[in-house]
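Below, subunit A partners subunit B and then partners subunit C, in two separate complexes.
Showing the complex of A and B:
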């Protein structure tokens, strides 16, 4: 799980709140715990219902990928979630203990030849609903940011 | 069949299956979140193994669906195609319709405003005639 620096357009320690660190077991029930905490904070900051829906969906897809593809349902492995919520934006990092992957190599699930594949829509949903998405060099941590469209400085 | 989503504030996912005019009507409710979304997959694909001619999925009361839940719809569609059957969707809420549009699954599934409209258009072993229901896309 890498701690390498993140682009400030996703997380800027000078202007964003400190990241809160949560570590959960690698199963889909335990993976709900960070979501409950993060979504409850977002709702307090006046984000739109559409924004909350999108952040929840992106986080669920990231956690599902971490459990299924990253940690391969290995209960001895962990998922690390770091997040910061402010009225301006929400930052969420999800890291697993897997070998990582190259997001550019994931087939486009909306391409005609892939549209009937039952799997493979998680990454594109994360990209569609979050404002900025990047990965660490190893490809085992997704870094997501959602800007609050209602925020006015 | 209903299951409580553990340790969350989501409405529990509910899946009700009934037979209506020769087709299977699946009524979904609550939130199809990651810890329960496989249930939709199993329910839909299980129906298809019974060789029903059409499956109508009423999404009116569904608050949330993840990619695994969507995958269950696609898996059912693939199996139904083997015997020229159809999976049709009914009345997804705007956020769910938005997910269907983003993933372009609107190209795969006929979508109807009501169960009645779906029943009238989805006939056993006949291709469906989709209606133009297009709830406001949000996002």
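Showing the complex of A and C:
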């Protein structure tokens, strides 16, 4: 899984805590474990209820995408979650073992021809709720950052 | 989950079916698939169904849950029925707004408004 550097507006090793690494297997039950760990840390730092809601949703969507699209429900494949939580911001990376995808090619789920499809909204929700989102070059790791709007230096 | 293993609580009010979710979080696919099965069976068994889904207990849902609602909506309309959603918390309503699904569904503020809509 890629370790290529990410932009400091998402993760900056100079100012953000070190990333914690979690690996889970690709089943939808195991994929819940990172949420419990990460959310309990976030709740200690006074993030708003709206922020916590959005982070939970974005993480859920990222994990579902990793299980369903990246790892194709293959329980022998793994999902690597890396995260760093501080009062200033939350950073979460979710990587799968798939071949990757091109985010620009995901159709707009709000377009009339797509609105009735039952799928295809995960990335839109990740983008809506997280402050910054990027992908590694291969397209099999999503990197998300949520700033704490209540944080003052 | 309710004691009988059901994920939904169904009550009848005249010719309207009112469904409340037992789960606070409608997130994972297993849960969603079970809810969908229960609701589809309910719709299949009720001609010209008038269905109200109350989200009063729901604090979280995922895009997979939205997909389930879309599928259910199509099923209901295919059976010449009607579906209303109500008691949706503001955070959850925002998810409908972002995905523009607030235009697809008949969303009412509360159960009284949803019921009144079916009497009109």
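A few comments on the model shown:
The criterion applied here is as follows: the second predicted complex is superposed on the first by the 153 of 153 C-alpha atoms of A that agree within 3 Å, B and C clash if a C-alpha of one lies under 4 Å from a C-alpha of the other, contacts with A are read in each partner's own complex, and residues count from 1 in each chain.
The rule is short, and it goes like this: contacts are C-beta pairs under 8 Å (C-beta built on N, C-alpha and C of every residue); 3 or more make two chains touch, one makes a residue touch a chain.
Predicted, not measured: the structure shown is a model, and the values here were computed from it.
Model built by superposing both complexes on subunit A: subunit B and subunit C clash. Look at A:14: by the touch rule set out above, it reaches neither subunit B nor subunit C.
With both complexes superposed, B is the one of subunit B and subunit C in contact with more subunit A residues. By the touch criterion stated above, A:152 is placed in contact with neither subunit B nor subunit C. In the superposition on chain A, A:137 makes contact with neither subunit B nor subunit C. After overlaying the two complexes on the shared chain, residue contacts for A:102 are found with neither subunit B nor subunit C.
Once chain A of one complex is fitted onto chain A of the other, the partner contacts of A:33 are limited to subunit B, with no touch recorded for subunit C. For the contact definition in use here, the residues of subunit A common to its subunit B contact set and its subunit C contact set are 28-29, 32, 49-50, 53, 56-57, 60-61, 64, 109-110, 115-119, 121-122, 124-125, 128. Per the touch definition, subunit C reaches subunit A in the complex via residues 27-30, 60, 62-64, 66-68, 70-71, 74, 91, 95, 98-101, 104. Touching subunit A in their complex are the following residues of subunit B: 5-9, 33-35, 64, 66-68, 70-72, 74-75, 77-78, 95, 99, 102-105, 107-108, 138-139. Taken in their complex, subunit A has these residues touching subunit B: 28-29, 31-33, 35-36, 40, 49-50, 53-54, 56-57, 60-61, 63-64, 109-110, 115-119, 121-122, 124-125, 128-129. The part of subunit A that touches subunit C in the complex is made up of residues 28-29, 32, 49-50, 53, 56-57, 60-61, 64, 109-110, 115-119, 121-122, 124-125, 128.
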